[in-house]
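You will see subunit A twice below: alongside subunit B first, and alongside subunit C after that.
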Partner chain A sequence: MDIAVLVKQSLDVQELRVDQDTGKIYIEDAPTKAGDIELNATEEAVRLKEKLGDKAIAVMLSTWGASGKRQKEAREALTRVLAMGLDGAVLIMGEGAEKGDTYVIARALAEEIRGKFELVLAAEGSEDNFSGLLPARLAAELGWPYVAYATAIEVEGDHVKVTRSLEDFEEVVRVKLPAVISVTQEINKPRVPKLVEIVKAKKKPLDQKDFSPPDEPKLAIKTLKVPKVERKQIVIEGDVEEVAEKLVQALREEGVL
Partner chain B sequence: MRVLAFSHYVDLALELISAGKGLGEVSLIVTSDQEGRIGEIRGADEILLCKELDSGDQEGLVELISGLGSEYDVVLLAGDRRGRELVGQVAHRIGASSAVDVSSLSAEDGKLVIERMTFGGKAVAVEELNLPAVISVQKGKFKPLEEGEPSVREISAPSIDRRIEVLERKEKPKVGVPLDKAEIVVAVGRGFKKKEDLKLAYELAEVLGGVVGATRPLAADLKWMEEEVWIGISGVRIAPKLLIVVGASGQQQFAAGIMDSKVVVAVNTDPKAPIFEQADYGVVMDLYEFLPVLTKKLRELKGG
Partner chain C sequence: MADFDVIVVGAGPAGSVASYLLAKEGHTVLTVERGKRPGAKNMFGGRLYSWSLEKVFPEFWKEAPVEREVTKEVLGFLHGDRGLEIRLSARPRGRSFTLLRAKFDQWLAEKAEDAGAEVISGFKVEGPLIRDGRVVGIVAEGDEEMEAEVVIAADGALSFMAEKAGLRPRLSKEDFAVGAKEVIELPKETIEDRFGLSGDEGAAQLYVGDLTEGVVGGGFIYTNKESVSVGVVMRIGSLASKVSKISTAMWEITEKFKSHPLIRRYLEGGKLAEYSAHIIPETQFMRGVRLYTDGMVVVGDAAGFCVNYGVTVRGMDFAIESARAAAEAVHQALESGDTSAKSLSRYQEILSSGMLREFEAARKAVDLMEDERLYTSIPKIAVESLEHLFSVDGRPRESLYSFVRKEFSEEGISLLSALLLGWKALRSM
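This part shows the complex of A and B:
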């Protein structure tokens, strides 16, 4: 049973600079990386394949254009997950991919997955957009069942047993393969690859394919606004007693006590 | 426009009706387990009661909503985990556009224009969606309507070949005061070294008459809180008048959940922690030293 792990090239939102005064968002300058929760999905894929003796492959469809910088980052992100133990990676990239919405991307990914894999693992949400739409759409495109928010996965023959965490209860479900499962950050602790594994990862198969959206997207981003959050950012100094005293005073003046 | 709505939670369904009425006529799907609460439903034009389907049946729901959905312009679902799980599947099945956690929506020139948070809360995307559209609505953004008794029509559930079987369902303990409604919140992070130490935060919350919330690792990973309720982009977004963040770094995904707070105080040993940029008042100190003193001062103030 071969496993595909969906790894998104995510903007590093921690590093993304926005200007609250001009409303400018410096997307081009921000680095991209494999999302943190995708490392959890990778870890789970590696654990499962070690038990089952099958292959696990990363599939990335980049939506940040195909500039040299983005290509290099995409390959670095894939090297990172390959070093964790995946067997290979597919990178789909091209100019114009930025316009693809989840409808378009899901259809393109399904082409890559249909007939080749029986289990697709993804993150509950990507690091930059966090919509969780893509794995759900991919499942629908493939006609496979979809279970989100997995905190444990066990393979039992042609089924997987998935424990998942919802707001008001925890659920254990049995899902018939092939299936798409998205995982949470709590499912495991992603291993940190050693230097030799990173060196070896660079020699693993990385298959790059060209991409241009085959379908028209169903939505268009009109604008991106920067929400204004004004904070005073006053650091209160002094010894413990003084600081506590000054803080209480300030909060009284704010009228929030 | 014709709007179809569904939520696993009747309380959220009421918010969806309110969001949907701004667009047009609203039909709400009610499942067998929700039938007892039909009397509370106001504002919808019509209730589609499906007695053959339980809301715990994800595949059945996808089939039912996708089947009905093609007759509507917009399908509204809720922003909870199970609601979000449906959005992409239903949208794809009916060939619709989609968006999640939508904070505002309006019809413009035959399209649906929506706003939602993106980039971990650093930006708000304004998007134009082709119809039909399937979206989830951010919790707490729309006030339930008080007027309008809907008509009730019974519908049957489509039969399907099920591939997901629920083996077990364990309820989690219920939340006391919901964080998103609290006036004062003390938010705790991994700066606390053991679960027992959270007592310092609970004592502070108690003198303030507030509640304790947490960062995701503390609640979901370490499970130090009674229930898995954390603040942030993947958890609850809060809007208290006073928020005291203790021992949390203020990573973007957490920060996205606290933007609507009125006054923010941060306590952290690391002067470079990003939380200080999101705070009105910063205290660069060990929480173990600072919290007991602050609690004592507040107690004196409240007592006298």
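This part shows the complex of A and C:
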């Protein structure tokens, strides 16, 4: 039973620069990386495959066009997860991918996954957008069951038992493979690869394929801006008691308290 | 057998150049960088003298991400809100370029990678792996050992590699300066207007004066394509004796420099894009740093190859030259199968016939630069003397000579010591 781990080439949001005056986000300047929760998905895939003795492969569909810089970053992100113990990686990249919406990406990924894998592991949400839509959409394209927010996964023959963490309770479900499962950060603690594993990871098979759009996107982003937060800029002066009283009053007026 | 022929610690200019040259010779090279990416942690004022990199990549500026070629040199004296700028519009021998390290260091590291070196970023090296008194590899984070025939320590100013291998003593604050820098974005045209540049021309401007309040150091501005790098560099020893908290003082002095009327007009309307601070080795090469031991050599800032002549501040060009020399020595050592200290001493031999001579000269300049009068009295006298010269108010005027003499005596500098200072300056620069 081969496992696919979905790894997104996410923006490193910590390094995202924003023009405070215009709200413009310098997306092209920001580096990209594999998302943190995808490291949890990778860890889970490696644990499962160690038990089951099958292959676990990272699948990345880069939505950054075909620039050299993004290609290098994509390969670095894949090296990171390969170093954790995956057996290989597939990188789908090319012109037109940047226009893809979740629907297009899910369809393209389904084409890659169908017939090759029986279990798909993904993060509950990506590092940058965190819409959490893709795994569900992919499951729909594949016609497979989808289990979200997994905190534990056990394989039982041709079934998997998944513990799901929901708001007020925990749910244990059993699904027949093939299936798509999204994991949360609680599921495990991703291993930190050693230097020698990173060196070896660079030599693992990385299959790069050209992206060919399976369909027209249904959704297009028109603008992307940081919302302007207007500060009230109220300064309260006076002695401590006065200030406290006025502050409480002001907070009440704003409906904060 | 070792895991690699060579492990290079640090992917700054020295590390990447050494990696590139050795990988090109067909050796297996692993380069380990602690920053997220090569260049992510690195900083300098803003200018690279090209002589040494040209030997490795002839006409590298045609391909490398450089910003502007420096054609305007400015030396400035600031006193109060007044200032004097000496502007040289010429092309001194040897080219120099302004550049931004995040981009440039990445380019150099890619060169090393393309030549076959394994460059791994975001990984910390704890120190050299030492067996029977000999460096045989590195210890990476998590106590992981990795062996190499030769280790090249290119891990920067604070080099723990050199220290742990016993190649340099624990350094004191006297051995370092600290630099703070801001990158301020401005439209290309605005930069060219304000600095009197055209096309890809660039300016390098250095300032001394009372802004550092008597601390040994000064301010700088370098023009990039669409930004300027502006900041201050100060001797830590000198700074620590005068202020209680170095970080606050650095920030205050940077702000003061930026708001000086002479400096402000260069920066007006600009947008702060980046802020950084870094430690700079100042005199350590002269303080008992050894460059090689059995199985290891030290290059670049790690060896203290950094020099401040006052009007020229250099580090990156020396780092590259030292890496080139080290690569040559390491290559020969690997070919001969002898990587002992004796074999690696070739590294110092190569440097001795070239770069190290400049360091002898630099030592004299560094001594001169210690003179605090250069940062207080001299800028004041320069500014006020010229102010006097250009003053017309209808009253009979004192001669420039007697004015300057008075200025010197106000500063408590005798004519003889002024002459001596001048003589020292002429001899050492």
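Everything that follows uses one rule, which is that the second predicted complex is superposed on the first by the 228 of 257 C-alpha atoms of A that agree within 3 Å, B and C clash if a C-alpha of one lies under 4 Å from a C-alpha of the other, contacts with A are read in each partner's own complex, and residues count from 1 in each chain.
Throughout what follows, contacts are C-beta pairs under 8 Å (C-beta built on N, C-alpha and C of every residue); 3 or more make two chains touch, one makes a residue touch a chain.
The model shown is predicted, which means the values in this text are computed figures rather than measured ones.
K.L.:
Quick check on the superposed pair: does A:L219 touch subunit B, subunit C, both, or neither? Answer first, second, both or neither.
P.N.:
first
K.L.:
Between subunit B (first) and subunit C (second), which does A:A244 come into contact with in this model arrangement: first, second, both, or neither?
P.N.:
first
K.L.:
When both complexes are superposed, which of subunit B and subunit C contacts more residues belonging to subunit A?
P.N.:
Between subunit B and subunit C, B touches the greater number of residues in subunit A.
K.L.:
So in the superposed three-chain picture, is A:V192 touching just subunit B, just subunit C, both, or none of them (first/second/both/neither)?
P.N.:
In the superposition, A:V192 touches subunit C alone.
K.L.:
Could you list which residues of subunit A make contact with subunit B in one structure and with subunit C in the other?
P.N.:
After superposing on chain A, no subunit A residue contacts both subunit B and subunit C.
K.L.:
Could you list, by residue number, the parts of subunit B that touch subunit A in their complex?
P.N.:
Those in contact with subunit A are residues 58-59, 62, 80-82, 84-89, 91-93, 95-101, 113, 115, 118-130, 163-172, 174, 184, 208, 216, 220-221, 228, 233-234, 241-242, 251-253, 259, 262-265, 271, 274, 276-285, 289-290, 293-294, 296-298, 301.
K.L.:
Mind pulling up the subunit A residues that touch subunit C in the complex?
P.N.:
Listed in rising order, the residues are 17, 19, 31, 192, 194-196, 198-199, 202.
K.L.:
Residue numbers of subunit A touching subunit B in their complex, please.
P.N.:
Contact set of subunit A toward subunit B: 11, 13-14, 16, 18, 25, 101-103, 106, 124-125, 127-137, 139-141, 145-149, 161, 165-176, 179, 184-186, 218-227, 229, 231-236, 240-241, 243-245, 247-248, 250-252, 254, 256-257.
K.L.:
Quick one: in the complex, what on subunit C touches subunit A?
P.N.:
Result: residues 3, 30, 32, 36-37, 118, 120, 123, 140, 142, 144, 146, 271, 273 of subunit C touch subunit A.
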